[in-house]
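Shared between the two complexes below is chain A, which pairs with chain B and chain C, respectively.
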Partner chain A sequence: MKLLRTLTLMFAAVVVLGGLAWAEFRFPMPEFESGYEYPEMHTPPPGRTNDLWDVVLLTCALGLAAWFVLKRRSRPAVLGLTVCSLAYFGFWREGCVCPVGSIQNVAEGVLGLEVVSIAVVCFFLLPLVFALFFGRVFCAAVCPLGALQEVVAVRPVILPRAVDGVLGIVPYLYLGLTILAVATGSGYLICQYDPFVGFFRFGASLNMFLAGGVLLVTGLFIGRPYCRFLCPYGVLLGWMSRFSKWHASITPRECIQCRLCEEACPYGAINVPTPDKAPLTAKEGARKLGVILALAPVIVALGACTGLLSHTMLARIHPTVQLAQRIAGEEAGRYQGMTIESEAFRAGVQTKEELYAEAHAVRADFKWKSAVFGGFLGLVLAAMLASLSMAGRRDDYETDRQACVSCARCFPYCPVEKDEGAVAEQKT
Partner chain B sequence: MRVPLQNRRPEFVPDQAKWRIASAVAAVAGLFTLVLASLLIINYLQIRATDPLDHPELLKLREQLAAASEPDEALVEQIRTLDLLVRKAFFTSQAQLRLGGRLLLAGAIVFVVAIRLAARWNPKTPAPEGAPDRMGYWRTLAQSRELLTGVAIVLVLATLAAAYLTPLGIPAPVVQEEAGEGAAETDTVSGAPASAVPSWEDMLIQWPSFRGPGGYGVAHFTTAPVNWDLQAGEGIRWNVEAPQGSFNSPVVWGARLFLSGATKELREVYCYDTETGQLLWRQALPAFAGTPETPPKVSEDTGYAAPTMAVHGDRAFAIYATADIACFDFEGRLLWGRNLGVPENHYGHASSLIAFGDKVYVQLDDSKQPRLLALDAATGEDVWSAGRKKISWASPACAPTPFGFQLLLASELDVDGYEPETGTLLWTQEGLDGEVAPSPTISGDVVFVGNEYAMATAVRLSGSTEAVQSEIIWQWEESLPEVASPTSSDDYFYIATSLGEIICLDKNTGEEVWLHEFDQGFYSSPIRVGDRIYVADLQGTMQIFGTGQEFALIAALDLGEPVYATPAYLDGRMYVRTESRLMCIEADAAN
Partner chain C sequence: MSAGNTIRRRDFMRAAAALGVGGALWKAAAPAAGATVWQIDPQKCVQCGRCATECVLSPSAVKCVHSYQICGYCDLCGGYLQPSARERDTGAENELCPVSAITRTFIEDPFFQYTIDEALCVGCGKCVKGCALFGNGSLYLQVKQDLCVHCNECAIAKACPGDAYRRIPAEQAYLLKARPAGGSGQE
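For the complex of A and B:
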């Protein structure tokens, strides 16, 4: 075990250091002063495959994943599909189109800012539809981001439930920020900060590699950190999966309460049976819940106020504001030298004053949108608090439908799965 | 309690032999990737540090080539060879990086597979211990609630603190845009209707700019007081504290007197009631787009608000060392404001504003791009811009000449006349030198300028309105002004120097008519009021003398403090800014 730990740590170092080595390098443009004419740029046609083909493949992969999880109940099959998805959607398609990022396109379409292609809409909807029927089978074996983390999750530990629950608010934050960024024209945050796309494409900025490396190293010990504590699409999938018609269960038949699966899920997605006796009476519990529900509008309002007051800070995600800050900083002597962006700006026709005015207009645009964002987070907080105050009755060990990524890790832990003789023996 | 079943699934069956093999493969693959990653990092850092265009040896050779007096073909060939080598090395390193990246990926894949298999053949068998902690369920829920609430509170506080502590740091946009957003609602007027454009006759009976109407040092009224006693309060209508640290002069329109003041952080406009001296309002300027966070360096005796304001009809204009220009109405509402681009000017921007017709003129003397700007007085928008050859610290005059109104400007090199409506340069004469602070004056068709350590020059204008001719008619090189601007009468020009001399020169010949030496020097500019000339010295004495052929002192009256600003002279009144006071002196007034 000691050797294994050493090797694991070694791999961690390799991931981070290797990431550094792949960081993108920009060759400085030669300075021709002899009248040299730059050759005309030719952009190759986009895409190596037809988008429709990707949609078909996605549908097939989702169908297979659902079949492997719900019918075959086969962890090796799920893992095999995971590797195939990683190879195709990750390394071959270089992580694009991806349902996680499609949130942004769809949000733009809904807000009337952009026309969204059918393929992107399909990529956005198909995993959700499958989640509504079969649970998060997309996360299980199709998502390349999840797949990369799944394969490196060698010895994951189980986080305390309370910590797991609290960190679960971060994806909502990321989702809200993503929509805010789209609504204000700040760009695609999910794509800009996709931590794994650098590995898929063999090239990215140093920061992206570092972020991806840190997540993969974390993923060795804490299963799927991006999926659980960052992924904004996981929020939507979780909502769908919560009401899924069919969902992966730990045991194919009756739970025998053997407790073998208690530590099977490194993602904290197994709910234990609830105690027979509650510490509060039904009346006391209802009163407590009533207080939280009554406070919900206050929490939402507080969130909205915080968002409103923070709109200037939030506006910094917009590239225009970032550029204006850089230029103002350079003008005031806070920065030495120029960035590529500030150099390009200074070579252009726009004046500083126009840029500053544009940045302030962007900031104004953030005002009420930030308030809505804050209100959304307040609502999420209130809902989470209310959810933690509602005790559902549960007699057996069950998967948490919202959190479970249908990875099938828990299946081998259940003795009921194939050992019916043993079950019968135990029952007698 | 049920006893856990013995799990017989293959996933939990250990195999020591296979585990050892998998572990060994993982170790080899891990080491391989680690070494490869280290090499790649070194390669990456080398590439990053090496810019083939700036290779030291190459630069050295290039310098040699540049220094060579004759073409050295061997050296050129050497440069070419080295250049090729350096570029080849660069691109080879990049190719190695790409290849290494793929090998690294392969190594990582082998490592992950091996380590997974190792884990598979050395499994952790599930074996729950003890009785299930059923009540722990409630505890977990309670902990989650508390933790969530705590984290939410910390997040909100951290967000608010971060929002408060990290200002945007971008100069604010022009006022019109902010006003649309609702900011500064009480003090800002957006799209205010343009007021009636004051005529020259309207301007003559006011003190609308530095050195009076037209800014050439001649008052329209002839009734300025000639007798007062500051200590006894005789002749002093009011005497109030003036804004500190600024040297600009008062401007007056109707019942309102304006001054500006500024520090490093703040730029303000002050409005006083001319009847009582009461400060009616003071308004700070917001930051405009381009307003620097750190103001430009200025000399101590220039300050951040050296330029005198201009007042025109119902609007007052102020400009500062930052080149923030703002327009207020008489109620203190900001009508428009903008930053014109911080001028590079080693003493600090000092040229005063002047308004005429529907425009306000700015002599924006940036050492890299000196220019004269005409802004729309109603909106602040650019109307025209005319380039200047050199900078100065003088102020523009807008004076009536026999050939129409002209903007008269002095620079370190010349004196120029511009057409106010279009900015056309009508004439220019090189008759100045050094660092010019005194502004021009005019008498009839003769424009007069002068500067210490250089010369004073008189330029006669001729020709027609359409084609103005100019000619230097004489120059004077003895006692010259350093700061104070000259004034004029029908026959003479008057110079006040920093050494305390007053020189009267014949307008047509340049001959010295008389010279009188006072004990104190003059920074405040002399103003002709009818047949008297008023000039306050650096000790705070107002010297009043006649404009005649002989020097005739009429009065020397105490103002209490040194005077740097030029007073405003109106019908029977004089508004004086001393070092720390602002006062109104009026014939027959008692405090």
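For the complex of A and C:
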């Protein structure tokens, strides 16, 4: 009703202004004599917006995944569930009920820019809660992006630790940029650069297919490149999984140090024992901790400064800034012709000065938000350095709780596992 | 560091993580927020043609709709005929629509009804431009909600130069033009 009133008012305004800005109603509406009746307009209701059913399915899938990984310890079962998730969340739902992307909606909600529906919050929350209890079972068998890469990882090679570690910073960068983009109203980066959604829908731009294709081909040899070196949601899941109550372990019982699982993990998530490493003495540990604690604020401050200094560059992700730059460039004769955006701008009512002022305001808005983004990256860097230097002694082969996606690939490698049946028989 | 200590720290961190996530969501979640859908504000549309090319679907979920109530039923229709058309007939060389999705039907002298064949329409907006330039603006683009897959971020919205896309409540999923109050328009 309100809409109708607004529209009516708008029409009245148009008529009063003589239709300068929006010329319409040039011709009177005919008065028919033949008893003609206006046909109905075809405005079908939304096909599917109620995601509650998907929330139920997601919960079931997560529960099953946790059961398969932790209780059944069955790789074939996990793989089966992976394929089902790929079929449903990927191809049937076309990759757009997605906890990865929900980060952005939730961030908008937390920042008070948008209201978020309960279904979206559930989608964001459920995998995290499950990770807090069972590890990253969402990555293992539910996430369609992970599933697609899981099924193509046929000849995975193990990357050197250093490469793994350095590339592992990229997801933090992506997460930070995503939040920065949401906070400044620059759009949803994760959705714009989703590499696989084009496959799920059997249609996308060439760039999207190229990016997805490169990742999939890489994924044949380097397991789950998106999950490990890009996925921003993986960062959050990793944090949760690190403190998970239960977690997949390579061996069901005691590790016998047989080294058979050493090369089992294509995702570099198995920590090898370091029995030779002498434990730190209290004094050494205290000194190291002191250095780290003293260095951390410096690194964070450096990051924040870098962020602040690069805020004009970062502001270029905002469409208004892009348009202002384009218009300024056209005015200065740096570009030939017009883009659709600049054409639409010139046809509109906004003046150049207003646009420049708006872009200036956006840049100013980026200032301290870029600093926070830089500070966050600094903090991540500091935490990584700390964890590198504080790593203690390890006696057994263990999963790296943060990096492990609970895919169960390592289970069959463990000879203790194979004994399970025999042990069970002995017991009876 | 004893095993007991480690576990206690882990418990603490777990509780802290749960608190953090819970607190953030308590702030984020709005129980009243219903489902929303993408829609085009016809007042902001600049008929750039990107609706036909940017949608993740092919053909696009955007189609032309016709508000019959505000149509002039003109014989010389700016949305139907090429500006350079020699004849006012259904010849393909005279039609503006590249896929011939508009049907022209004689009603009574001198009025013609124009109907969009949605199965053919690609949402290019050529007729919308013609109607806005020479007619009443009764032809305009809308997202057909039965076709739309409701992307989290609409690919067309991202590319729209007029900033015409926005999310609206799913119960009222169209932004339709209506006949102005007082009957038959500009008289």
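Here is the rule we use: the second predicted complex is superposed on the first by the 356 of 428 C-alpha atoms of A that agree within 3 Å, B and C clash if a C-alpha of one lies under 4 Å from a C-alpha of the other, contacts with A are read in each partner's own complex, and residues count from 1 in each chain.
What we mean here is this: a contact is a pair of C-beta atoms (placed from the backbone, for glycine too) under 8 Å apart; a residue touches a chain by one contact, two chains touch by 3 or more.
All values reported here derive from a predicted model rather than from experimental measurement.
> Counting only touches as set out at the top, which of chain B and chain C does A:321 meet: first, second, both, neither?
Only chain B is touched by A:321; chain C is not.
> Classify the contacts of A:385 with the two partner chains as first (chain B alone), second (chain C alone), both, or neither.
Only chain B is touched by A:385; chain C is not.
> Once the structures are superposed on A, label A:343 by its partner contacts, choosing first (chain B), second (chain C), both or neither.
second
> For A:109 in the superposed arrangement: first (chain B), second (chain C), both or neither?
Only chain C is touched by A:109; chain B is not.
> Under the stated touch criterion, which partner chain does A:275 make contact with: chain B (first), chain C (second), both, or neither?
The answer is first: A:275 touches chain B but not chain C.
> Please work out whether A:96 is in contact with chain B alone, chain C alone, both, or neither, and reply first, second, both or neither.
So A:96 only meets chain C here.
> Does chain B (first) or chain C (second) touch A:360, or do both, or does neither?
A:360 contacts chain B only, not chain C.
> If I apply the document's touch criterion, which positions on chain A are contacted by chain B in one structure and by chain C in the other?
3-4, 7-8, 10-11, 15, 22-23, 25, 27-28, 30-31
> Write out the stretch or stretches of chain A touching chain B in their complex.
1, 3-4, 7-8, 10-11, 13-15, 17-18, 20-23, 25, 27-28, 30-31, 75, 151-152, 154-155, 161-163, 165-166, 169, 199, 202, 256-264, 272-276, 278-279, 302-303, 306, 309-310, 312-313, 315-316, 321, 324-325, 328-329, 331-334, 352-354, 356-357, 359-361, 363-364, 381, 384-385, 388-389, 391, 412-413, 415, 417-419, 422-423, 426
> Quick one: which bits of chain B touch chain A in the complex? Just the residue numbers, please.
For chain B paired with chain A, touching residues are 2-9, 11-12, 23, 26-27, 30-31, 33-34, 36-38, 40-41, 43-44, 47-48, 51, 53, 90, 94, 97-98, 100-102, 104-105, 107-108, 111-112, 115-116, 118-119, 122, 126, 128, 132, 134-135, 137-138, 140-141, 143-145, 147-149, 151-152, 156, 159-160, 162-163, 166-174, 177-178, 181, 289-290, 292-294, 338-339.
> Under the stated contact criterion, what part of chain C meets chain A in this complex?
1, 10, 13-14, 17-18, 21, 24-25, 27-37, 43, 46, 48, 50, 56-58, 65-74, 107-108, 111, 113, 115, 118, 132-137, 142, 144-153, 158, 161-162, 170, 172-181, 183-187
> Note which residues of chain A are touching chain C in the complex, please.
So the residues of chain A touching chain C come out as 3-4, 7-8, 10-12, 15, 22-34, 36, 38-39, 41-51, 94, 96, 98, 101-102, 104-106, 109-110, 112, 115-119, 121, 124-125, 128-129, 132, 187-188, 191-192, 197-198, 201, 203-204, 239-240, 242-245, 339-341, 343-345, 347-348, 392.
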